[in-house]
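Next come the structures, one after another.
What follows is subunit A paired twice: with subunit B in the first complex and subunit C in the second.
Entry: the complex of A and B
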């Protein structure tokens, strides 16, 4: 392979570094009205009266919109396959406000100053209700967060608004109760994960204007431009054909931009005034009023025979979706569907639970998408079970974990919001990942602990994980290739590069098929007018789903080139081949260069534009796998945990671009480490998020993460483009459990609530 | 208030409201788009600029404080050595934090031609990144140092 597996730099790399106008705020029309939102100071209230008269008088203020001024169509902001598995429970503006930060009014004006002033002058009278702040008390709470009758699910998702239930789910294979009776060793434990914040560096930003044809144009830092187009059309009752959504470069997403956020507000202003408008969220707004990770609680029961065979897994969960049910069911199901198949040889398995509404920051998609929550619980519990059995945790895993060529009934039963698809795991080098990781961390030598000093102990711990590659039978990506007169190609894709480098990877795939340098593939992506459809960047789908579409389009293009080349050479197609430069006679000397063929096709002979397109929907979602190993040093005086080493060994199939794959894993690991150790979420008693800036919400800096080693164990996924699977999410999954396990091995305390702060460690040490 | 300062080698004289932050002044009035707002509170480093050779957070500075100073942003780095090192090392994901890292790298390498890993960590402490995991950024700084040193050997 020439282009695939090349470590070429990202196509946009240098452009990003020179300060060119590339992000939404850089590209918003210069005369845009500045849009800001009045947000609710109450966790749950009804607007009794709203008076904008004073505010409207302020010089420079162009318009102020309240719930009375915008259409009231129930939608979901979640950008997912349509119809969405998220309930339609959100309104552009509503008379109810359901969390501190919920939108009350839209203000637009000529500059920040006047808009800020106007925000202060809007008078709102609220009828305040008792908020639901504890998700363990949400079900059946006297306060009903969505009493309105318009809110509804799109299909059966176990939705029950009267009980504050956004979704529920249950499945069982075999009989958990019966099989547990046959187990020699059983453990039952409860785990909690927190509402991690994405902290994509570019805050959510959107701009809009009306073009010369009267169409609404939206520029947005979004992961899902085509979903944005559909959702905005639905929210405002305007035809899809009258909307164009453009995603320029974006400053990170991690799931936080897999939804509409600022788009409806700028659209409302532009539709009302006819003028361009833009909104740039402040960091505080991003924290308080976009998305977080769904906090979850899991009660896990595991049963095994004394020879170390895992026989039963029972996971009962409760997930907190905050004020709106975005990605509620799907993140919950993924906590099971992307963990349970790891142990595919059990006799009985059950996964059940509910996703409840609370009056807190809405939860949404976030890298890992439930899998990290489930993984923390399951992989912590597995260590606890192994200990009870008196077995080495790695030996226990090796005995029970999934292997290449095997399957799991979970694949068919649990999809995302509905049934999944049956599949054999055709590529799985999990065993090699574990072996390699053991060597790299020097497990035999270091397990379980070493005393460093009177107060410091080092321990090692590990966890295994899996993710998926797109959502089978739901997610579609399409690609178009167009030949230019110099023999270069335009690659048009709906796929959305979030900074990950997917534009580059997709170009590499096209280049590989066509046998041309990647530099000759000019990529344009994510523009609903100009590129074909793609569901967008989520669920680890781009390399696999969009990549397969690009590969097919390139194969079609190759055939077209051979066909037209043969015609030009006066030969039969079967006697002709194409090597990337020339279309040539197989057993002869006739040839024509691609450049010459391309030029005559456009200008002189047999004139036509060569163009090829393809779409792809995954029939399977091959999981990438990994093993993560942590070495920590715990100070028993302070409870402080220092991460010394983190080893990640990953099987993501063939790495199309090893550099980009590696940096994806590294970035994922550090977010996972942040979730494990630092990223604490705190609310005030009346429901205001206190950890709403980077001073109080600590994401890891370079100094926090110790030494990280990422290694790839290559497998070949036959359904993937050139053997590739996904890599975007898998890196985040293992750190919470691996670090918790390492801490236990170091000092014997088991922390079951994330993040693992020094206070928790110290308290557990004192209670030991 | 009228401020007079040097921006990327060019003399700037401009009237600016006293409440305006240096960050907004640079971005909105002077078109310096490499300077980004990641947090607005001096925590992330996306807004880092060089003021008289020191890397500072432009979100915490008022425009009027630039008066009489010499300011350099990514747009004004004469050679592209650091940028090229970041590209070469593959130290970029979304790129939103990167101009800030490049400026801090510049400030470091001006002081220290051969920084150790520890020194790099320390020098980049004020810059956060949510995408990359930092490892390649460290590689990029080392590579830039090497490229500079090679350049001066040849001279």
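Entry: the complex of A and C
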């Protein structure tokens, strides 16, 4: 392969490095009204009265909108397939405020100064309710967070607002209770994960204006432009045809932009005033009033026979979706569907639990999407079970884990929000990943611990993981290829490059099929007027789903070129081929260059525009796999954990661009390490997020992540474009469990609540 | 909101401006502007001290003098050039980030009087004298800092510089425990200076950051240690004593229980590193 597997830089890398104006805030109309939001200081309250009279008088203030001024249609902000599996429980503005940071009023004015002034002068009277701040006490709490009758799910998701339940789910294969009786060794443990923040460099930003035809144009830092168009149409009761959403360059999303955030507020202002408007969230707003990861609790029971066969997995979960139920059911189900198939040979497996509302920052999509929460619990428990069995944790995993050519009943039973798809795992090099990782970290030498000094111990630990490649039978991506007169191609895709480099790898796929340099493919993503539909960048879908669409479109284009070339040469199509430069006679000397053909097609002979399109929906979702190995040094005097090495050995099929695949894994690892060790989330007793800035919310710095080694094993996924699977999320899943296991192996302390702070380690050592 | 910005060139000019406007002094701005933006400080006047004519960091009368406007990076450079106490370098290099050290100043740090201030800890260890202008008086750091954020200054006065003792033949240990390895505010920190003679203490100074309303240092306790034999037992005694003396709070970084544990363990850790197997 010439173009696929090329380690070329991202197509946008130079422009971004040179600081070209390419982000939403750069592209917003220069005369945009500045939009800011008055946010609730209370965790749960009803607005009794809002007085905007004084604020409205401030010079420069253009409009102030309250819940009385905007349509009240229940929607979900979550940008997912349609109908959405998230309850429709959100309103542009509402008379209820359900968390500290919830929107109370929209203020627009000519500059920040007058808008800030106006925010201070709005007088709000609240009727304050007792908030629900403990998710373990949410179900059946006397305070009902969504008492309004309009809130509803689009289909059965186990929703029960009266009990503060956003979604619930239960499935069982075999009989867990019966099989547990037959097990020689059983463990039951409880784990907690925290509400991790995404911390994308670019804060959530949106701009809007009305074009000459009276249509609403939205520029947005979003992962899901087509979903934004649909959701805004629904929220404001305007036809989809009257909305255009443009996604420029994006400074990271990680799931945090898989939703509408600022878009409805700028749209409300533009629709009201007819003027351009923009909103740029402050870092504090991003923390307090967008999304976090769903905090979850898992009670895990595992049962095995003496010889080390894992027989039973029972996962009972509780998830905290905060004030709104975005991605509530689906993140919860993924905690099972993207972990349980790892151990596909059990006799019985059960996954059940509830997702509850609380008066806290809403939870939503975040890289890993439930899988990391489930993985921490399951892969920690697997180590604990192996120890009880007296087995090496790796031997135990190898005996029980999934192998190439096998399947799991989970694939069919658990999808995302509904039934899944039966599939055989055609590519699975998990065993190779484990073997290679053991070698790279020198497991045999280092397991379980080495004493470095009287007060420092080093330990190694590991975990395995799987993710998916898009959502089978739901996620659709489409691509259009257009031939230009110089023989270059425009590749128009709905797939949303949010900094990942997907524009580049999709161009590489098209270039490989057409046998042209990637540099001849001009990529444009994404714009609901100009590019074909794509669900967007989430669920590790772009390489696999959009990549397959691009590959098909390029194959069609190749056929078109051969057809038109044959006509030009006066030959039968069967006697003609295309090598990327020339369309030539197979058994003769006639040929025409692509450039010449392209020029005459546009200007002189047999005139037409060559254009090819294709769509792709995955019939399955081939999982990428990985093994993660951590080596830590624990200081037993302070409880500090130093991560020395992290080894990631990944099977994501063929890497379309090995450099870009590597940075996807590295970025995932760093966020996983952050969740494991650093990123603590704290609330005040009355429900205000205290860790609402980068001073208090510590993401790992370069000095904290030690040595990271990423290796890809040779693998080929037959259903993927050129053998590829997706790679966006898999890197994030293993660090919490692998690091927790390494710490246990080092000093015998088992931390089951993330993050593993020095404080937890030291206090556990003190109590040992 | 800032409406007035001044650039005084002399001590008297600065003093007068401060007296008249009650404005905030601004050198690096690494703390001031963060607080202004967060709404913790509300002032309309900023007095830029960077145009004062000062000599820079210097050694005079066998003491290290760090004037107003001297940055952490300048101090590090000076320490390196003149081969001075390495503990000071150990402390300064953990402060903020390279960008912060390029702008931030020791004088600013002690004027903030935070119990977590790393340079405040250093000032206690090196018996700092604070030079105050225009009165030209010198007061010891422990009398200068009254309580968190509160310092001993008249409205017309400002800190002109910090004078630190230059110590030789001292063993030292410094550790700052934070939530990560860089760009952190300490959960707890310890600095120890020991001069020994025949395995006995000739002089000892122990200071803790972030475990009490101000830096924790007990000179009376230190005095009782002179002449004592350096052994594990002594440090176990000290670990318990300082744990009793500390009065930490629970905040967003850590609980008081953890801080109490750290006070104890850091004393033992310092001993292990200074006199036992050193692995750092």
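Simple rule for what comes next: the second predicted complex is superposed on the first by the 768 of 768 C-alpha atoms of A that agree within 3 Å, B and C clash if a C-alpha of one lies under 4 Å from a C-alpha of the other, contacts with A are read in each partner's own complex, and residues count from 1 in each chain.
Throughout what follows, a residue touches a chain if its C-beta (ideal position, glycine included) is under 8 Å from a C-beta of that chain, and two chains touch if they have at least 3 such contacts.
Bear in mind that the values here come from a model prediction, so they are computed numbers and not experimental data.
Student: Pick one for A:759: touches subunit B only (first), subunit C only (second), both, or neither.
Tutor: Only subunit C is touched by A:759; subunit B is not.
Student: Decide which partner touches more residues of subunit A, taking subunit B and subunit C as the two options.
Tutor: Partner touching more subunit A residues in the overlay: B.
Student: Using the touch definition from the top, say if A:500 reaches subunit B (first), subunit C (second), both or neither.
Tutor: It touches subunit B, and subunit C stays clear.
Student: Could you tell me if A:600 is touching subunit B, subunit C, both of them or neither one (first, second, both, neither)?
Tutor: Touch status of A:600: no partner.
Student: Quick check on the superposed pair: does A:421 touch subunit B, subunit C, both, or neither? Answer first, second, both or neither.
Tutor: The answer is neither, since A:421 touches no partner chain.
Student: Identify the partner contact of A:640: answer first if only subunit B is touched, second if only subunit C is, both if each is, neither if none is.
Tutor: A:640 contacts subunit C only, not subunit B.
Student: Touching A:667 in the superposition: subunit B (first), subunit C (second), both, neither?
Tutor: In the superposed model, A:667 contacts subunit B only, not subunit C.
Student: Using the superposition on chain A described above, determine whether A:250 touches subunit B (first), subunit C (second), both, or neither.
Tutor: first
Student: Go through the superposed model and pick first if A:173 touches only subunit B, second if only subunit C, both, or neither.
Tutor: neither
Student: Between subunit B (first) and subunit C (second), which does A:680 come into contact with in this model arrangement: first, second, both, or neither?
Tutor: Once the two structures are laid over each other on A, A:680 reaches subunit C alone.
Student: Once the two structures are superposed, pull the subunit A residues common to the subunit B and subunit C interfaces.
Tutor: In subunit A, positions 695, 701-703 sit in both the subunit B and subunit C interfaces.
Student: Could you list, by residue number, the parts of subunit A that touch subunit B in their complex?
Tutor: 7, 9-10, 12-14, 16-23, 26, 198-203, 249-252, 254, 280, 282-283, 498-501, 659-660, 662-663, 665-671, 693-695, 699, 701-703, 705, 708
Student: Which part of subunit A faces subunit C closely enough to touch in the complex?
Tutor: 452-456, 637-640, 642, 678, 680, 682, 690-691, 695-696, 698, 700-704, 757-759, 762-763, 766
Student: So in the complex, the part of subunit C that touches subunit A is made up of which residues?
Tutor: It comes out as residues 175, 177, 179-185, 187, 252-255, 257-258, 261-262, 265-266, 268-269, 272, 276-277, 279.
Student: Given the complex with subunit A, which residues does subunit B contribute to the contact?
Tutor: 32-41, 43-44, 46, 73-75, 83-84, 86-88, 90-99, 102, 120-122, 124-125, 128-138
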